Amino acid sequence: MASTTSPILEVRGIERRFGAVAALQGIDLVAGPGEVVLLAGPNGAGKSTLLRCVAGLVRPSGGEILVGGHSLRRDPAARSLIGFLSHQSLLYEDLTARENLRFAAALHGLDQIELRVMDALNAAALTPRADLRTGGLSHGTRQRLAIARALLHRPRLLLLDEPFSGLDAAAAALLRQRVADVAADGCAVVCVTHHPDEIWGAATRTVVLQRGRVVADQPRSGLLADFLADYHARCVA
Amino acid sequence: MNSARIALLVAAKDLRIEWRHRTAFTTAVIFAVLVLTAFVFARAGSVTLRDLAPPVLWVTLPLATVVTLNRGFLLERENGALDALLLAPVSTSAVMAGKWLANLVLVLVVELVALPLWMLFFNIEPTMRLLGVAAVAVLAAIGFTLPGTVFAAIAVRTRFAELLLPVLLLPFTIPPLFFAASATVRLLDQAPLGDLWFWLRLLALYDLSFLVIAVLLFPVVMDQ
Amino acid sequence: MTFDIDAAERVMRRGRVVMLAGLLAVAGIYVLALRYTPPERMQGLAFKILYVHAPSAWTMELAFVLVGVVGALYFWLQDPRLDIFAEASATVGMAFGTVLLTTGPIWGKAIWGAWWAWDPRLTFTLLLYLLFAGYFALRSALRDPVDRARFGAVIGIMGTLLVPFIHLTVYLFNSQHPRPVLMMPAKSPLPWILLRPLLWSFAAFTLLYIGFVMTRYGIGLKRAALEARDAE
């Protein structure tokens, strides 16, 4: 196990091509415990591709990704440290909330599955609706379940892909709260978003991607308005 | 967790979902009944039902298989659930094996309903020999679903999954359906069992060959 | 992997030269077969179509086998050029398959009295043709070139495994169903005067195959290079 001071996520020189098209070129990214990295950039900059590479969902054409010191490509232990939450719920609509969580827990090889699932349902205030089919739940409830699913195996690295899209104010506030909680527990968080304001308060670092390259990587400082002005200058010009 | 348990976990999850709404099962059974009926009418009295029985069965079952196969990966596409499978620290081969197992069980259940209907519609006397037809149907189902699962996993990545799957899969059903139909003809003709063994062994050889190649290709088709 | 437009055009130019040589050679075969070769004793003039039919069968099988071989290599080397070659070879294989499926029934009508007699070799060709029709249907439905290469290779490998089973199927099928045969072509070895043009035709068609594939391969390389440039 890596010590608490060493980074949880290390991305070194990641490249990704789709045929002849280069989506990512020489990306370096590091995230340590408690860091919340805000990953911004215009459409087609490669944000989602980068996040999916880090999640192991897209295979990079070159470079290396280490999670908790384990190589993502070679060592399945790396994948068990990752939690992933996207604008899609990643849930089966014909399974109940409890069954969805049970399946996720079993896939991750967790022990004491029933106990963990009950805890997760309680924490997400889903217990009364635990045995209803997910397809019948409201969008906000489903998103709470999706968050519970992503955090069920207590990941060390939480990846968020536009998690706020389609959320109402209450659900977004809950998500921000959960992100702050896991970061306080020493989890590293990387969040891809089109709307930096959604996660600005929790962010500790900002990374801007443009045309598959990192064009800015700095600690969050100053005001959101300054960041946005700088961002617009870089990406819209 | 070992691969066999992952495969069973994924298969159980798929079958539970199918059990909840039974869309694939119901559609495939209705489809099979329609094809059986269509043949009886298209015959227009020119062929005896008895002669028609084996070929009709072995046109109906591969087509019904195609109808059931699309379901397995479409439900993973919904809400991006496939991502969750790939994110988990388990082998993609085990996940694919689970998808195949669920497909196989579903096709076998469809066959379980279709075979008695076939006997009923085509006046096949229930004898012990029909257990042979059941064995043939099991072997054929394995032969249909192995390439079928690989192709379904590929086809679902396009916008034309329902159209592509039959075009990709049907050439691969020709050898097993021929072996199966030949075995069925011999079973109904009370041919000596030695003759039957020949066809069963061919079917088993086909199943085994595609089992090996499918297991080798499973990680490739799951990879993003 | 970067693609060089100049290199692609070089391949295309060379391909055109080989293709032209192949076409001239095929024209030579026509002259040789029609003008300087006597009719076969039993089949008469109908035999002459074999100088086109038999080498087409050879080139089609060569083309499709290479798709499978290159598909297996792709998983090992991951070189996108292998897929461009596979697509070129499959396209040319389809063209020769079309020749095969056209000339076969013409010959069959003269010899067997039926356009389509479920002859094992023609049936085999038809099934292979359908398999590759699926290959192209899939390719056209996939947009990512990496997916096209990967899944094309999967179909190529599965198809290669299917081929012996199709062989077995059409052989067994044929032994069950006697064909309507007017005339059974003699199994005796061909006299040299008939065999020689046949051997030449195999050489000419192989040359034509190489020329076609080089040209298609060059076009594929250039397309990839242009896509890469547009993406910049």
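Which chain is which? They are A, B and C, in the order written, and residues in each are numbered from 1.
Following the convention adopted for this analysis, contacts are C-beta pairs under 8 Å (C-beta built on N, C-alpha and C of every residue); 3 or more make two chains touch, one makes a residue touch a chain.
None of the values given here were measured: they were computed from a predicted structure.
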Edges wherever two chains touch, nodes for the chains themselves; is that graph a line, a ring, a star, complete, or other here?
complete
With centres defined as CA means, the chain nearest the overall centre is B
Per the definition at the top, count C-beta pairs in contact and tell me whether B-C or A-C has more.
B-C
Here the gap between subunit A and subunit B, centre to centre from mean Cα coordinates and rounded to Å, is 39
Distance from subunit C to subunit B - Cα centre to Cα centre, in angstrom:
32
Between subunit A and subunit C, tell me the centre distance in angstrom, where each centre is the average of that chain's C-alpha atoms.
50
Which subunit B residues sit where two or more other chains touch them?
223
Subunit A-touching residues of subunit C, taken from the complex the two chains share
1-3, 80, 144-146, 224-225, 227-228, 231
Quick one: in the complex, what on subunit C touches subunit B?
75, 127, 130-131, 133-134, 137-138, 141-142, 147, 150-151, 154-155, 157-158, 161-162, 165-166, 168-169, 172-173, 176
Complex contacts: residues of subunit A adjacent to subunit B:
52, 55-59, 76-80, 82, 84, 86, 88-95, 99, 103-104, 106-109, 133, 149
Complex contacts: residues of subunit B adjacent to subunit C:
147, 150, 154-155, 157-160, 164, 167-168, 170-172, 174-175, 178-179, 182, 202, 206, 209-210, 213, 217, 220-221, 223
Touching subunit C in the complex: which residues of subunit A?
17-22
